[in-house]
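Let me begin by handing over the structure; questions about it come next.
Letters A, B, C and D name the chains as they come in the text, with residue numbers starting at 1 for each one.
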Amino acid sequence: MSEKEVKNLEEIFEARIARDEKIEPKDWMPEKYRQTHIRQMSQHAHSEIIGMLPEGNWITRAPSLRRKAALLAKVQDEAGHGLYLYSACETLGISRDELYEQLHSGKAKYSSIFNYPTVTWADMGAIGWLVDGAAIINQVPLCNTSFGPYARAMVRVCKEESFHQRQGYEIMLTLCRGSEEQKAMAQDALNRWWWPSLMMLGPTDAESIHTEQSMKWKLKRKSNDELRQQFIDQTVPQADLLGITVPDLDLKFNEETGSYDFGEINWDEFWQVVKGHGPCNKERMSARVNAWNNGEWIRDAAMEHAEKNEKRKVAKAS
Amino acid sequence: MPNPLIQMKNQNLYNYILTIADNSLILAQRLGELCGHGPSLETDIALTNISLDLLGQTRSYYQYAAKISEENKSEDDIALLRIEREYRNCLLVEQPNTHFGYVIGRQFLFDFYHFMLMEKLQNSPDEILSAIAKKGIKEVSYHKRFSSDWVKRLGDGTEESNKKMQEAINDLWRFTDELFYMTDAEKEMSKEGIGIEVSSFKEKYYKEVSEVLKESALTVPENKYFTKGGKEGVHSEHMGYILAELQYMQRTYPNMEW
Amino acid sequence: MSEKEVKNLEEIFEARIARDEKIEPKDWMPEKYRQTHIRQMSQHAHSEIIGMLPEGNWITRAPSLRRKAALLAKVQDEAGHGLYLYSACETLGISRDELYEQLHSGKAKYSSIFNYPTVTWADMGAIGWLVDGAAIINQVPLCNTSFGPYARAMVRVCKEESFHQRQGYEIMLTLCRGSEEQKAMAQDALNRWWWPSLMMLGPTDAESIHTEQSMKWKLKRKSNDELRQQFIDQTVPQADLLGITVPDLDLKFNEETGSYDFGEINWDEFWQVVKGHGPCNKERMSARVNAWNNGEWIRDAAMEHAEKNEKRKVAKAS
Amino acid sequence: MPNPLIQMKNQNLYNYILTIADNSLILAQRLGELCGHGPSLETDIALTNISLDLLGQTRSYYQYAAKISEENKSEDDIALLRIEREYRNCLLVEQPNTHFGYVIGRQFLFDFYHFMLMEKLQNSPDEILSAIAKKGIKEVSYHKRFSSDWVKRLGDGTEESNKKMQEAINDLWRFTDELFYMTDAEKEMSKEGIGIEVSSFKEKYYKEVSEVLKESALTVPENKYFTKGGKEGVHSEHMGYILAELQYMQRTYPNMEW
């Protein structure tokens, strides 16, 4: 294809996006669009899969059968999200094995929040409330993103996430209405998850890359700082309702802006965790790598069995 | 004054319910350990599904037990606050997730039993047990298909997977006889026509299970000796560790709402 | 050596034993004596090592720090017993690796009692009281057995065992003086360990092999049934003192014999467990085999390191 | 009325004692898991010995803490009945027995710290702490020799053992910095001249540890990032499982004598 032809295609492509048309896997797309989407969707899928681990840590110890079932179902939903995000990713011509390989080698990233340990039961509440809450804020705009399979996956993801978020808040509410110990447990969880949740919305706009391009492709509609402000404004009143305190001495409602002003985020910590040196990065990665390695003989067996069956069918037919 | 005969009947029914419920609880717990660590997303989701089904069933049983208990107990009190010797599950379901072959083998050996039990129990004159069984049998029929399919895949897969599946079946086989051992509560409830005479489908069980094994290029073990104890509350040494986790929150923070 | 010379040596040998002289490793001995001693001593050593497992099962869960320390120390003593029994065995020209190989392959036996699970904390009491109690009855006569290294090892073993036995009884006593739950726990442990303890003293005399020869070599001084009676007569009053009941409806003091009559032992169960089909035979063996297999790289490293050191020493010296 | 200043001092001393005691408790517990499963009888005995020494020391600390506690607590109440967030041990000691290289690596990295701490603590004007340290240092000096010897054997052994020992050191290194992190209680007690300024021997620690590693044909890690949290009660996810076992009996059967 001549440079001009490509240019032409690109213009048509950008115009389609501008008109809010969905791009489908079989459509022509710029290589950078493809790569960016593989990166973002797989990162999202990996986050779902890694995100199963901190919550999975409490399944055997959930305090009641009802909570155990709800937690199992939630973690299962995350596996499901991972599954259809990987599938959406595969429509762009990359295999799931390649995507896993990128995760296991450390080439692909996943959401840093999952590198913090779940220390008490209240963390199941805080993760639902805060982490899923921040995730939704990140993700709702993606329901209208330009790439069709991603947008459709996100519609489903967001619906379930918002159920998880309510469930998490309800865990917090139960704790806050419970004994002194339970309330302390809830407060402690808020203390530990608040700042990492703010970090989930990404580096400050000044440090953020890819933003302009992402805006154009509707992979992003608001800046990180705008999303963060939205999260804070939505969450602080919920904390008030619970009767627990956001661990930020600088937090204050600003009558002028109608928003909360807040304190300095510890970006050193953010980058330490992103770079792989958070409290649980090693544990998370080795859990996934172990699951993958220990699963090899099983995947091999399934494939071998399928082939045998195929041969038997052919033999029978002939 | 409460009628001692009615009390005894309730006591037997109560114990009978636990005999069924504890199996599902402990197996669900074992499966719960795996969540997030399965060999593939698809199996992870499927095993979690089974765990969820079992948990759902077990909650119905415990709720029923709570209803007939004289002591104003909740489902969680019954499920999570007994001492080890009071749990009535069979040894099979408490066996560890040594490797995926064991997970599948344990599930397979339990599912066939479980399905046959539900088949009978759905016709129990006890309406609640019958209702739980009617709902449960659809789920268990899926479990059975899932575990049989995997026994076939692994048995009739690679040389390594065949060896591993056979190893698991050989190790777990000695726990199958206990499924058909009848506790006093089971005998009593069976005599009253409410509970199931499990020994009545023992032969069918071994026949069906053996057929799947043979189809899967696996050898049917020929044990002369079996192990039991769980149904009388004498568990394997694994059980204490299962309970340490299962009961952790209820023991550490007693009498709270969650 | 001519047959006559051997005969002569054998006569001298038997006469020494009859005179209560100790046989030492460097002394001439009949091959059968050597083999019998390897078998019995290694079986005894293996029992100590396997015996660590049922008690080891409660170390992390011991109910108090004092009990945890005492239990750790006890299990450690058992390792020590294993160690010097293996050493005594090695004086007869067999290596520890060979002995392990016999254990791991199932060729060598160990005491069947350790194939029962330890289900509650009270089992730590019952094992000390009953299992060590029965062991002492088996072992005290061996302090005067004919083979020197074995006799000397047994002096030390018996001393420690009798400390363990008192400790076990004291655990039972504490439970029996405690809450209703604790007393029930003690009773339950007695119920489960009583019969297996009686079986520890071996099959009935009618079924017992090796006995005559063993008597001559002072590997045995009383028959199994005599030892069993001695154990029962000693233990029943101790149970009475605890206020718990021996689970034998036929148990009755016989004024005539001055001993307790007792019920039928379930020898089917005995043989099932001996043949490897007890509740924990598989678990015990695989724990040992795993420890051995997982230890291979460590033993290799230690040997390699020692060789390197040796070479460096030689290089330095030259 | 109690003097609030004295109370605060006791509270700091109490917390300070736990900071030291919890390390020994949790490490002893980890070693206790291994009992009967070691790679040889000799190492099994040695590791059990270390576990016993640590338990002995920790009991002295908890007894002391119990004495100064205002709440009439016993050593077992303090050791076995706190919630996870109240345990003050560093993350290092709670790391799992992944393989023998990790057991030795964890021990080695802790022993050098522990020895240097005891060296200082034996001169504390607090007579009880000083007495515990004086007794303890002899034991810890043996632990240090044992673990260093094994680091050398494994590091300078086979290619495989070198790789495994290096892997363990690399993984565990990130927990060493926390040893020298000072909690408020440590700062206060150090200010009063009773507690030890642990940061004062940080340099010496890394120097000595690095020397042994180099002698053992191992590479000294060059981490820029470290992890902490345990000393402030924010533990790794391993801790909950350790406590589930450690506290099992006390939680299940509260208020009894054993």
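Convention: a residue touches a chain if its C-beta (ideal position, glycine included) is under 8 Å from a C-beta of that chain, and two chains touch if they have at least 3 such contacts.
Computed from a prediction, not measured in an experiment: that's the story for all the values here.
Separating the CA-averaged centres of chain B and chain D is a span of 41 Å. With centres set at the average Cα position, the gap from chain A to chain C is 58 Å.
Measuring from the averaged C-alpha position of chain A to that of chain D gives a distance of 37 Å. Residue positions 61, 181 of chain C are each in touch with at least two other chains.
Within chain B, contacts with two or more other chains are made by residues 83, 240, 244-245, 248.
Viewed as a network of touching protein chains, the structure does not reduce to a path, ring, star or complete graph. Chain pairs that touch one another, listed by label: A-B, A-D, B-C, B-D, C-D. Contact residues of chain D toward chain A in the complex are 83-85, 171, 174, 223-225, 227, 229, 234-237, 239-240, 244. Taken in their complex, chain B has these residues touching chain A: 29, 32-33, 35-45, 48-49, 51-52, 55-56, 58-59, 62, 75-76, 79-80, 99-100, 152-154, 156-158, 160-161, 164, 245-246, 248-250, 253, 256-258. Interface residues of chain C facing chain D in the complex, by the touch rule stated above, are 49, 52-53, 56, 59-69, 72-73, 75-76, 79-80, 82-83, 86, 121, 171, 174, 177-179, 181-182, 287, 290-291, 294-295, 297-302, 304-305, 308. Partner chain B is touched in their complex by these residues of chain D: 83, 240-241, 244-245, 247-248, 251-252.
The part of chain C that touches chain B in the complex is made up of residues 54, 57, 61, 117-120, 181, 188, 192, 272, 275, 277-280, 282-283.
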